[in-house]
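Got some structures for you, see below.
Same chain, two partners: chain A is paired with chain B first, then with chain C.
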Partner chain A sequence: MIQSQEKPDRVLVRVRDLTIQKADEVVWVRARVHTSRAKGKQCFLVLRQQQFNVQALVAVGDHASKQMVKFAANINKESIVDVEGVVRKVNQKIGSCTQQDVELHVQKIYVISLAEPRLPLQLDDAVRPEAEGEEEGRATVNQDTRLDNRVIDLRTSTSQAVFRLQSGICHLFRETLINKGFVEIQTPKIISAASEGGANVFTVSYFKNNAYLAQSPQLYKQMCICADFEKVFCIGPVFRAEDSNTHRHLTEFVGLDIEMAFNYHYHEVMEEIADTMVQIFKGLQERFQTEIQTVNKQFPCEPFKFLEPTLRLEYCEALAMLREAGVEMGDEDDLSTPNEKLLGHLVKEKYDTDFYILDKYPLAVRPFYTMPDPRNPKQSNSYDMFMRGEEILSGAQRIHDPQLLTERALHHGIDLEKIKAYIDSFCFGAPPHAGGGIGLERVTMLFLGLHNVRQTSMFPRDPKRLTP
Partner chain B sequence: MIQSQEKPDRVLVRVRDLTIQKADEVVWVRARVHTSRAKGKQCFLVLRQQQFNVQALVAVGDHASKQMVKFAANINKESIVDVEGVVRKVNQKIGSCTQQDVELHVQKIYVISLAEPRLPLQLDDAVRPEAEGEEEGRATVNQDTRLDNRVIDLRTSTSQAVFRLQSGICHLFRETLINKGFVEIQTPKIISAASEGGANVFTVSYFKNNAYLAQSPQLYKQMCICADFEKVFCIGPVFRAEDSNTHRHLTEFVGLDIEMAFNYHYHEVMEEIADTMVQIFKGLQERFQTEIQTVNKQFPCEPFKFLEPTLRLEYCEALAMLREAGVEMGDEDDLSTPNEKLLGHLVKEKYDTDFYILDKYPLAVRPFYTMPDPRNPKQSNSYDMFMRGEEILSGAQRIHDPQLLTERALHHGIDLEKIKAYIDSFCFGAPPHAGGGIGLERVTMLFLGLHNVRQTSMFPRDPKRLTP
Partner chain C sequence: MAAAAELSLLEKSLGLSKGNKYSAQGERQIPVLQTNNGPSLTGLTTIAAHLVKQANKEYLLGSTAEEKAIVQQWLEYRVTQIDGHSSKNDIHTLLKDLNSYLEDKVYLTGYNFTLADILLYYGLHRFIVDLTVQEKEKYLNVSRWFCHIQHYPGIRQHLSSVVFIKNRLYTNSH
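Here is the complex of A and B:
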């Protein structure tokens, strides 16, 4: 056990750096035993480090005894070992490893951390495409087994790629916004009152009282706008006590939130948000091509397509498209999930894009603080954004006038006492502003063409899962 | 009210851009009325935009009627106005404004958002240094009034600077770590079991069961290390149900968390963390000098000093320094807050640094998962980091061996059933690793030499405050 006893000089070489340039060098490597296979006086190991792996050979001879070969052959899979060996060029490429041109001739091998002999899932099964599993009758791993054993499931090349790409989404989101002059804010998650009427909110015992978990940072973003920060963003957990057991709902997810004051028209904000999404898509396609391809190997999917500038459709146009396709919907009905999906297909066919904005939602289906459209009282200055036919962002111009806000709250039957602090925020001069909130896990899922948000949440929370 | 009726071509000029280069140009500006003062046929306004302000003059003449002057004089402070005016060079610098060389001769003025006539606090009072307030008998604003009216308090130049700098800390933290090859992770805040024994944890009603709010992302960071991410960080809320009413405790704060696998010695990690802090300090001093000076005007303080590489003291050395200064402490006693402070002074005197690492804490005062020191069983491989004599980070090598972890948990009287998932994470091969968690609000407070963590939390939460 490494207990920080000493600080040796030894340099550990990365598996990805084991190439023919290192041929005939003696190196030390720390890696996991991915597989081991004894064959007479030899033992072949595959050593894995993150998404890279290399073949290692322990053979009876000058450097290895019979005992050592036996020892190597018996190391449990997933154990971490330190290996000293000579890098040797191979004559035939090793197709099953990422380091195809060399193998490691082992001279010494130490177990750094021993894995238990029985693994709850096999990594090779966990990266097998479902189609292949079905056709060839080979094992795949179901989602609950994956999630129950997340520490192992996250080691697969697919998981490594998914979450590296997700880290990239956060980075690109912030990079783009900081370049646009936005300020990052931190908003509280424990709040004293359930802001939107109290439905779907988790209750917290707060010393001798009750408090709630914030369903969105929206009030706080808006307060920052009223406090002259002008353009703000935040990334943080969002809590929804909805008993929804679907492929795209979580009770806790990561919100990428934006709020921004504008001069004359909320489209100034909507276009900034859409451009931010485009910068994310571009950045991912430029910087994370390897990760995208790795995920595609297990979950094949079409590359993500988008237009510049982003396609904007008005709600009434979408209704017309749906009606033409045979859907019956009233002018003020909200989109159902199947209709969203269908609309996504129609838009893809007509405009060849997987990303678009749906603008001017019916006022009736939006929250009380949504600014009505000045030209059509049944419409509102609000929008959703979609990726591959699923909603990833909901946003709007917010009412910044306390009087109108009060009227709209009363219209919605909301107790004014409960939202007094919210309304008061706008009483000391408030700039017109708009914003929106993006679900990180959905963006990751839909960009990669995955089919369940639990694949893109490291430790997902839903009504039935609170562990690990 | 701007309801996004139209998209005019009008360009709004920023207040900070109103300089002599723009002399004699006609411009439109949107800003707040900071003050207004009528004087015969003239009205002087100070127009404020974030931390910049400019004098504007409405005078009876070709462009303004008597009524308009009266109208301008009566606009409530903090209202937002759109003003058209000519930029005019002034003969005498205007000392009370940031734009000292020009004033705006107003031709048109519209109220975009009217503030209520009575403000709960005056911005000029809110930025007055306490010393000046006391000497000259002028008003300052107490903390509860500030926090109760945070939307207004956050508009002051001091608040704007504090939170812009805080946004910078997060940015520098991530920038440094991403350059070092770290991956950003998102960890759940709702957890099924209170990880560290159940003290100081908030309970959440989770559908028909109880759940808890995470006191730290540590378990999840460690799981990511066991899942081969090697170097991870996260920024997110951390919850502590402690009934502590001090200048430096919050019930919800923002944690900057790091976890990293190492090769041979936890100092590899400790040094990476210390270097990250140094990169943050350097970045702040390079990029946020204006903000630092703005805060210093209201809260004077010595510039923050640090060494490169960071000073590392062992706990026993610190004990010796304290004992020499007359403090009586046992070898295995923890540091009290006053002793931490005193130690900070002693270290500053001796080494001229406001930042240092205290290494090798007594095992007895650290959590069960802390790796014991292999050379001295009473010590541990753990460290704290201090800024201006206050703790900002606590960290350690964590035990990665399930057997030793079990032994240590039993020694601490912890129910093994409750931490089974935690221990299981290390059963399938775990690399040696270490990490730590940093309190964002404390770093901001101590870097700027402020005296209360509520000054550096936008919407602080403590046992007595849950609003706004």
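Here is the complex of A and C:
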């Protein structure tokens, strides 16, 4: 056990760097034992480090005794080991490893941390594509088992790739917006009143009273605009007490929110948001190809396609496309999930894009603070954005006039007392502004073509799950 | 669709102007036609065949012996399989089988339009109308056949026209 006893002058080489360039060098490597297999006087190990693995060989000879070979063969899977060995070129490529051109001839092997012999799930099963599992009758691991043993499930090459890409999304979001002159803000999550309507909010006890967990940073984003920050964004948790057990709902998720003052038209904001998304997609495709390919091995899917500039359709055009396909919908109806998906297919077929904006939603289906369309009272200055036929962003021009805001709130039957502070923030000069928010987990899921948001949430929270 | 209503539809599509009066018999309301000369005719397919002969369009019952047998087979199928089943699962099995059958045929008998096509169209209409876009694409041959029959002059009449999208949305053909 390493208890920081000493500071050896030793360099540990990363498995990904074990290539032909290092042939014949003696190196130290720390990795996990992925598999170990004894064959007579030899033991073959596969040593794994994050997404990379390499074959290692312990053979009876100058450096290894029969006992050492036996010892190596009996090390439990997933144990962490320190290995000193020579990197040797191989004649035939090792197809089952990421490092295909070399293998490590082990001289010394130490167990740093021993794993228990019985693992709750096998990593090879956890990485197996569903189709292969069914065809060959081999085991795959179901979602609940993975989530119950998340620490092990996250070690798989697929999970490593997914969450590295997710980290990339956050990074690109931040990088792009800062380059566009936005300021990052932090907003409170313990609030005094439900921000999006009382139904889906978590209550916490706050000393002698009750408080709520924020359903979105909406109110505070807008207050920052009224406080002259002009362009703001925030990345933080969002809490929705919605009892929805679907493939795309979580009770806690990470919201990436944007709010921006504009000069004359809310399209200035809408286009900035769309451009931010496009920069994220491009950045992911440039910097995370390895991760995308790794995920594709287990979950094959078509690469994500998008247009520049982003395709923008108006709600009425979408209605026409759906009606042409035989769907019956009223002019002011909201899109149901099946219709959203069908629309996604129709748009992909017609325009060859997985990402598009739907603009000018009917006013009747939007929240009370949405600015109505000046030319058509039944429409609103609001928009949704879709990836692979599923909604990832809902946004709009916000009403910045306290009188109009009060009118619309009354129209929606909202208790004005509960939103007094909100309305007051617009009383001392408020710029016209608009914004929107995306869910990090959903965007990761849809970009990679995965089918359940729990695959892209490290420790997901839903109505049935509170641990780990 | 009630048997009497369907038979009126058939009369019109065959170009018969005189509307017969049909009565119903038994628990399953099997249609009965009282003819002027002879015994009454019972059963959808029997009456339908009679109407075809009345309209002087016997070719609709098949030209060769083999074709006639195929027509009879599908008329039987219509009454026993389609009218008998109303559960969603059964219909999908049925559509899957019909889809493979129609893979290499324009019409049920192959290359000729017959009464089998008409009665199968009337019988399947209420199910096809509720299929999703994805299901219609899955049963591609059934959709192709149904779309063709529904455009035949005089066949569809007041029945709703089912929309079929010409391009593939769901299969990876991009």
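Definition applied: the second predicted complex is superposed on the first by the 467 of 468 C-alpha atoms of A that agree within 3 Å, B and C clash if a C-alpha of one lies under 4 Å from a C-alpha of the other, contacts with A are read in each partner's own complex, and residues count from 1 in each chain.
Operating definition for what follows: contacts are C-beta pairs under 8 Å (C-beta built on N, C-alpha and C of every residue); 3 or more make two chains touch, one makes a residue touch a chain.
Fair warning: this is a prediction, and the values are worked out from it, not measured in the lab.
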item: Which of chain B and chain C A:R88 touches, first, second, both or neither; value: neither
item: Which superposed partner A:F207 touches (first chain B, second chain C, both, neither); value: first
item: First (chain B), second (chain C), both or neither touched by A:H345; value: second
item: Residue contacts on chain A - larger count, chain B or chain C; value: B
item: Contacts of A:E302 with chain B and chain C, given as first, second, both or neither; value: second
item: First, second, both or neither for A:A241, with chain B first and chain C second; value: first
item: Which of chain B and chain C A:K180 touches, first, second, both or neither; value: neither
item: Partner chain(s) touched by A:K108 [first = chain B, second = chain C, both, neither]; value: neither
item: Which superposed partner A:G326 touches (first chain B, second chain C, both, neither); value: second
item: First, second, both or neither for A:K282, with chain B first and chain C second; value: neither
item: Residues on chain A lying within both footprints (that of chain B and that of chain C); value: none
item: Chain B - residues contacting chain A, complex; value: 1-8, 10, 12, 30, 32, 49-50, 78-80, 112-116, 119, 150-155, 159-160, 163-164, 166-167, 170-171, 174, 178, 183-192, 202-207, 209, 211, 213, 220, 223-224, 226-230, 235-237, 239, 241, 243, 251-252, 254, 263-267, 371-375, 381, 397, 400-401, 404, 421, 425-432, 440, 457-461, 463, 466-468
item: Chain C-facing residues of chain A, complex; value: 302, 324-326, 338, 342, 345-346, 348-349, 352
item: Contact set on chain C toward chain A in their complex; value: 132-133, 162-163, 165, 167-170, 172, 174
